[in-house]
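The two complexes that follow have subunit A in common; it is paired with subunit B in the first and with subunit C in the second.
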Partner chain A sequence: MNNIQKVAYRAFLCRKLHQSHKLFDGGLYEPSYLEGMKSKVPLYDMLNIQMRGYDFPILESYQKFVHSLMKNMDINVEESWATPHQEIQVTTLKPKSEVINAQYDLKIYERTVQITDVVSTQLPIVLRALEASAPAGVTIHVLPHEEWHEEVRYVPDTELKALKQELEDMGGPLKKK
Partner chain B sequence: MDPAVIKAREDRKKKKIEKQIRRLEKNARQLKPIEECEVPLGLLDEKKSRIRSLPALSTETLENRALLEKKWATYKKNQNLADIQMLDRIIFAQQKALDELRKESEELYQEAMQVDCRLLPYKTEGPLETPPIESYESPDGDYVDVSKKWE
Partner chain C sequence: MTAVCLERKPVIVQELNKLESDYKNLLAEVEFERSLKSDHEVRHEKEIKQMEQLKKGGDVDVHLKQTAQESVDAWTEEASQFKFSSKITEADKQNDVKSLNRKLDKHLVLVVKQKVGKDSLYLLPQDLRQDGETLRQTAERVLKDACGSDVKAMIYGNAPFGFYKYKYPKHVRNENNSIGAKVFIYFARYQKGHLQSQNDYKWLDRAELEDILPPEYNKSVSQMLIDE
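Right after this comes the complex of A and B.
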């Protein structure tokens, strides 16, 4: 009789452990604060706010403004960087001829602010704030972060590329893990 | 013997190349230099001729300038505060609406909280100084991208 009682008691405990989302959040072997730290609201992943303009003092002070705006809204600003400018040569031609009327060299400067963990309800407010505060002559793009955004910032290493190409030609790397 | 020897030679070459790749990858990659953030070298050379030696300012002007800076700081602070308060009102109104929606129906609330993919990618342009000119004939021309290529 005692044995049966012991077994029944153990079975009862076992069932309780498996049923528990109140006793052990996330399981017996995970600390409960890990579940607690996860946000209960859906979040956006990393977003890039890219600002482009022809006038770079305005662009720089606007970047400062956007950074402080994000801080005030308690949005985590991961990083904020500049990308080299694009140079565009604009030529206007005289009407009905190919004679060049004027030629301009324009530079489009670019700044980016990267934000993470935006609450899904906060994003529309952020977009409206950006739209309302955009200075004259500045174009703003908000896009999810992609790898090539990061790659574009670095100078490509020709030596590394050449070596990798050689390795490919020789027939793939040695250790194929 | 021959194929094994050839294979061994090839393996050794590959190892060498892989070692070099690993060494290069360890060195941190260089960021592209940003021309607008660097001081043009011509200015650095002319530095001596450009520095001015001015007479010292009187205490009156210094005081006036300090007071002006204080006034400007208060003005900007009030502007910034008004912006933050407006954002607070917006967020508060949104939260109130979401709470009411939750009381109404949990399903709709959950749907409202979801991530909306139609918002991104988002593009906006700043306001322009002048309105568009009516019936403007734009001249012919080209746009040529001559930016510095890094390869």
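Right after this comes the complex of A and C.
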């Protein structure tokens, strides 16, 4: 009986300790409004809205529109940038031969708007607004942000790379003693 | 209860009214005047100068290649020969309510004939939520049941988009011990696939939806749809 009493007393003390942690939860070490300011609904971290199209002025003005739309919806627009275009060459051949009939050079331009901290219940509304407002000829992709999206923006220094490659071919840098 | 509003987005841009097309032309003109010269225009001007020089003095520079003007002529001819497909499709002419090719410039919403109480009405496909299922899972099940497994649709978000509540008539209330039902409407976007359904279904325009759905129901549904 004595043992049981001891264990019970110890358990009671432990409980008290846990309770005392709770006493310091809202306000002694950190102000409680910081906890209150956080959103109760999960947020999306970073989303990229990529817009691609063949027609340059339409794409640019649409990017401006999307930016102002996000601002009006109180969504934080982190950044918006342009990526270099992709060139597509289309050759039509005359029927049943390899003679070139016509050759077209098309360019697909791209713009991206990056938004952060979208409330997850708000995202479907954003998607519907984007779909409803998209002009003819512009395709929209909404993707979560990945590292390679940033890497793609940097232009590689071909001269530097060539020199480094030469150095490696010649046997690596000089080793000082 | 959960209902799914399956919508096919417009395939073609709607016809612009006069104000819109005038403004569009104005913007295009402004854009053209502000823009810099393209390669083609520079080449064209260079060739005009060369032609003038040829006429005055005897410039030996004879070009056998195609001049810019000639290529423009060839291109305009090719453009005039190209036939655009018509905006009004076969389904439009026959007014086939079951086909998806009808009214390419409008949103089409799926409506299924369902039994509610004694009458069978045209409503958005709906079903009771079963125990242990989230609302979103019910919505997916409703979609599968109403459309068959071939249809690919994307449901927007885990939260419903709209809701409609109604009270049961008195004799049903006593049977089920519940006052009424709440229908939570999920929004889905039709991507591809062929619809297979045992019940009668229709793909309807916004205006036709107003006619067919019961008035109270239509009020809640129309609030969540984008105007056209």
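We adopt the following convention: the second predicted complex is superposed on the first by the 124 of 177 C-alpha atoms of A that agree within 3 Å, B and C clash if a C-alpha of one lies under 4 Å from a C-alpha of the other, contacts with A are read in each partner's own complex, and residues count from 1 in each chain.
The working rule: contacts are C-beta pairs under 8 Å (C-beta built on N, C-alpha and C of every residue); 3 or more make two chains touch, one makes a residue touch a chain.
This is a predicted model, so every value here is computed, not measured.
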| item | value |
| --- | --- |
| Partner chain(s) touched by A:Y44 [first = subunit B, second = subunit C, both, neither] | first |
| First, second, both or neither for A:T121, with subunit B first and subunit C second | both |
| Which superposed partner A:A136 touches (first subunit B, second subunit C, both, neither) | both |
| Partner chain in contact with A:Y109 - subunit B first, subunit C second, else both or neither | first |
| Partner chain(s) touched by A:P84 [first = subunit B, second = subunit C, both, neither] | first |
| Subunit B versus subunit C as contact partner of A:L167, first or second or both or neither | first |
| Partner chain(s) touched by A:V66 [first = subunit B, second = subunit C, both, neither] | neither |
| Of subunit B and subunit C, the chain that contacts the larger number of subunit A residues | B |
| Residues on subunit A lying within both footprints (that of subunit B and that of subunit C) | 120-121, 123-124, 127, 131, 135-136 |
| Contacting residues of subunit B [partner subunit A, same complex] | 10-11, 13-15, 17-18, 20-21, 24-25, 29-37, 84, 87, 90-91, 94, 98, 112-116, 119-129, 139-148, 150-151 |
| Complex contact set, residues of subunit A against subunit B | 41-44, 47, 53, 56, 72-73, 82-95, 101, 105, 109, 120-125, 127, 129-131, 134-144, 153-160, 163-164, 166-167, 170-171, 173-174 |
| Residues of subunit C touching subunit A in the complex | 9, 13, 31, 78, 156-159, 161, 187, 189, 226 |
| In the complex, subunit A residues that touch subunit C | 57, 102, 120-121, 123-124, 127-128, 131-132, 135-136 |
